[in-house]
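The letters A, B and C name the chains in turn, as written, and every chain counts its residues from 1.
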Amino acid sequence: MRWLRVYVGVFFVFLFAPILLVVVFSFNSQRSLQNFEGVSLQWYRAFLENESLRGSLIASLEIAFVTMVVGTVLGTLLAFGLVRARSRWSGSANVLMLVPLVTPEIVAGVSAFLLFTQVGMRLSLVTITLAHITFSISYVTVVVRARLAALNPEVEQAAMDLGATRLDTLRLVVLPALWPAVVAAGLLVFALSFDDFVLSYFTTGESPQPLPVRIWSAIRFGVTPTINAIGTLMLAISALAIVLAIALPRLLGRRESGIGVLLGREGA
Amino acid sequence: MNAGDRFAGRFLIPGGLWLLAFFAVPFVIVVALSFGTPGELGGALYGWYPENYSRAFDPVFLPVLLRSVGYAVATVALCLALGYPVAYYIARFGGRHKHVLIALVVMPFFVNYLVRTYAMVALLSDEGVVNGVLGLDDPVRFLNNPFAVIGGLVYGYLAFMILPVYAALDRMDPALIEAGKDLYGSDWSTFWHVTWPTTFQGVLAGTVLVFLPAVGDFVAAQLLGGPGTYMIGNLIQQQFFGAENWPFGAALTVLMMAFLFVWMVLYLRSAARASQEATA
Amino acid sequence: MRSDYFDEPLRRRELLQGGAGLALALGLAGCGVGDEPAGSTKKVAKAKVIKAQPDGDLVYFNWAEYLDPKLIKEFEKRYGVKVRESNFDSMNGMMAKLRSGNRYDLIFPTADWAQRLRAGNQLLRFDKEQLKNTGTVYDYFAKPWYDPTADHTVPYALYASGILYRTDKVEMTGSWNDLALDSARGKTYLLDDYQEVLGAGNFVVGADLNSKDPADIEKSKQWALDLKPKLRGFSTDDIQNLVGGNAWIHHGWNGDVVNVRNQVKKPENYSFQKCSEGLPLGTDCLAIPANAEHPGTALAFIDFILEPENASRNIEYMGYPMPYTGPDETFAELVKTDPSINVKIEDLENGDQFRDLGADGRRLWDDAWTEIKAA
């Protein structure tokens, strides 16, 4: 349908317009966000020379990485339990897993903030990471679960008939088949954590603050194009994560791309 | 329960315990604190001060909640109206480039939400880029009104609608649509009678993933809003980082969650039913 | 079956995993427990005098973009320490983080907050002799009202609240009520700050800037509520709002007009008005929290900022006056086309400054503000 194609085209224009603004003006030689004067890398230089902003970038990356690893492990385990177990805890576990997905971030932030301060724990990168992990588990579980549910149980049954233990079967049959979903979920979680603002805002300690928190403080009083440079860099990093999410499963020998896996399509 | 169930059941423990400790328990703390009172130097003291709740029911605050719900409903409606056709196009007509296209749709959402929203401000200011292009004498006041806030919310949460809808569309067997065309004749009838019901779970998931977070959002209203667009998220945030009234903020949080709980239960029932069907 | 053989140790393994998670959490909490939040009244032992010498990295907490990053780099180079920066977006936000137990070495409270922190024994009392460069600081600050012994704070910057406006779009009358001008209807902003708005309201209704009288606050609140329909918004981003053309009239601070002028094609179109009903003045201070872990570095940093060269450069970066004789010329130079933007010592002595309101006063103002925002 022709009109549909036109619509999609227009949609992409509107979708990318603010992004383009961010990227283009990050190269502005003047401080303005309205007038583009000339091309310059000064804001990138300002960012890279600003040690504390660099520290924030590294902090954001560290948090995202740990969140990815721990969240993926916990979420995958949970997904396996939810799909394969018929236990009296399954129902409650399922609910417990789904609620974070639909909780407004401000509630999550408030809860996390109060938990840590009332328990007497000092706010720091650790507290941010703990909060991020908590809210990433559900995303991993949902993605991995869809994949797991689509696996053919007969293969596992066959393996066990041949003498493999449940653990062996898990390790040698299920996990390899699940791998693309795990990778895709992990990268999704990385991107979500890297970009997170509200949770971090509430749970951040003295220093370094993750990038989005620094951006918020700057935004309240007017940004410099350094913020645009940061935004562009963050886009580049996240884009890389997505590209990896699409490409890695292919490279690992799967037919399915990461996107397909993320969305629960049955795969190889 | 057989050995297989027991084996798998143990896998629920790590994730389950973590969520219990870091998600469920904090709620208890929030509720406990909501009955407290502010301490002298900020912070909070526990006690029994239910007046936090009676204050929350002050008629001044009800419009704030209703407004937040209204904005969230509008956001969902717009996300659906704008996002469904895109998902449909990519799923049905994307062909080999499907994955690239959907990745492109999602990519802008990986620019930080704050930076993106601020970019909207720069674009839509009275003397900004868009008004510059339009060149009118009296520039269009895009910003600082409810439409700007809803626009910001849509721009912020659109991906959460598009992805589940796309997943549902992608999973659908195209033969169904062909059969539908034979049966119903027109494209619209086919859509209404075949495609829409089949993808409804995806739409529902998207609705919930957009609606619930949007109600509690405070960034869009802060950066794009006007004096009359105060949302419940702003109110709660202000109690923690403005007024230093943590107990009142906690009470508002509890009330907001109670309100959203109804919708959450409906969604969870539906999702549980759907996942049971999927694993059957 | 071999599966039975593995069931037992597996059960234990799962328990260990789950238990480890909890233990980890509790252990981490244990690390945090015992740290006293900044609200404790533990007095710092005055047995040894803290010298203005680096004793570790500086944990620095300030508004964003409020100190020249080049100065920070030079400090790091000169003393061989790192400056670990984080930002707050409001005084209450700063307080919330202090209250939650974060430990900073250097903070930038406004004078009224400094007064409150000092009264709560949360600021470090330093030995004035340790700072070498305080000679240029205005005499007014030898005994300021918020720190009479002048050994808990050092003044950092001065600011005045008023109205920024477009000279080419509106005719101002010199009053706070210019915010209600019909000619700028829908192009006006109030600051998103309870203290500033209620303070201005107090001036308009003829009350004291820092009034705690519920009747006065009720009237100020009403003034703001009456203003709301004409407003375009509440915002602290006066710079962008003016530069982007969204605002013709903006409640704001004097230094911001300097920043606006730097970014627009026609700087002469932007000016600042001090209002006749009253001029709220403020001082941003440098202070060291009582539980700072590296107060020596903090003192060294303060001394560093006070060096005239550095202060001048900082003024050029921030666009706000600093109360030091010598560097203040730099600001005078910046605003020479419009000297009324400057804050002089006479203003300080005669003008009104925001003061701490005490717990009841704050509650009164906070509640009024919540109603203004929510209505």
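The rule we apply is simple: contacts are C-beta pairs under 8 Å (C-beta built on N, C-alpha and C of every residue); 3 or more make two chains touch, one makes a residue touch a chain.
Small disclaimer: the values here were computed from a predicted structure and weren't measured.
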Task: Identity of the chain that, by mean CA position, is farthest from chain A - done: C
- [ ] Go through B-C and A-B and name the pair with more C-beta contacts between its chains.
- [x] A-B
Task: chain B and chain C: spacing of chain centres that average the CA atoms, whole Å - done: 33
TODO: Determine the centre-to-centre distance between chain A and chain B, using the mean Cα coordinates as centres, and give it in whole Å.
DONE: 16
Task: For chain A, residues contacting two or more additional chains - done: 33-34, 113, 117, 130, 166, 216, 219, 223
Task: Junction residues of chain C - those touching two or more other chains - done: 3, 10, 25, 89-90, 240, 243-244
Open item on the list: Touching at least two other chains at once: which residues of chain B meet that condition?
Closed with: 3, 6-7, 10-11, 13-14, 16, 18, 22, 43, 122, 125, 127-128, 240
TODO: Spell out the part of chain B that touches chain C in their complex, as residue ranges.
DONE: 3, 6-7, 10-11, 13-14, 16-18, 21-22, 38-43, 60-61, 63-64, 121-122, 125-128, 131, 139, 141, 143-144, 225-228, 230, 234-235, 238, 240-245
Task: Residue ranges of chain C in contact with chain B within the complex - done: 3-4, 7, 10-11, 14-15, 17-18, 21-22, 25, 37, 39, 89-90, 92-93, 95-96, 98-99, 120, 122, 186-187, 190, 194, 228-229, 231-234, 240, 243-246, 359, 362-363, 366-367, 369-371, 373-375
TODO: Provide the residue numbers of chain C that touch chain A in the complex, in ascending order.
DONE: 2-3, 5-6, 10, 25, 28-29, 31-35, 59-61, 63-65, 69, 72-73, 76, 82-90, 97, 100-104, 236-240, 243-244, 256, 259, 262-263, 265
Open item on the list: So in the complex, the part of chain A that touches chain C is made up of which residues?
Closed with: 30-35, 46, 49-52, 55, 113, 116-117, 119-123, 126, 130, 160, 163, 165-167, 204-209, 213-214, 216-224
Task: List of chain B residues in touch with chain A within their complex - done: 1, 3-16, 18-20, 22-27, 29-30, 33, 43, 82, 85-86, 88-90, 93, 98-100, 102-108, 110-116, 118-120, 122-123, 125, 127-129, 132, 155, 158, 163, 166-167, 170-171, 187, 208-209, 212-219, 223, 233, 236-237, 240, 246, 249-250, 253, 256-257, 260, 264, 267-268, 271-272, 275, 278-279
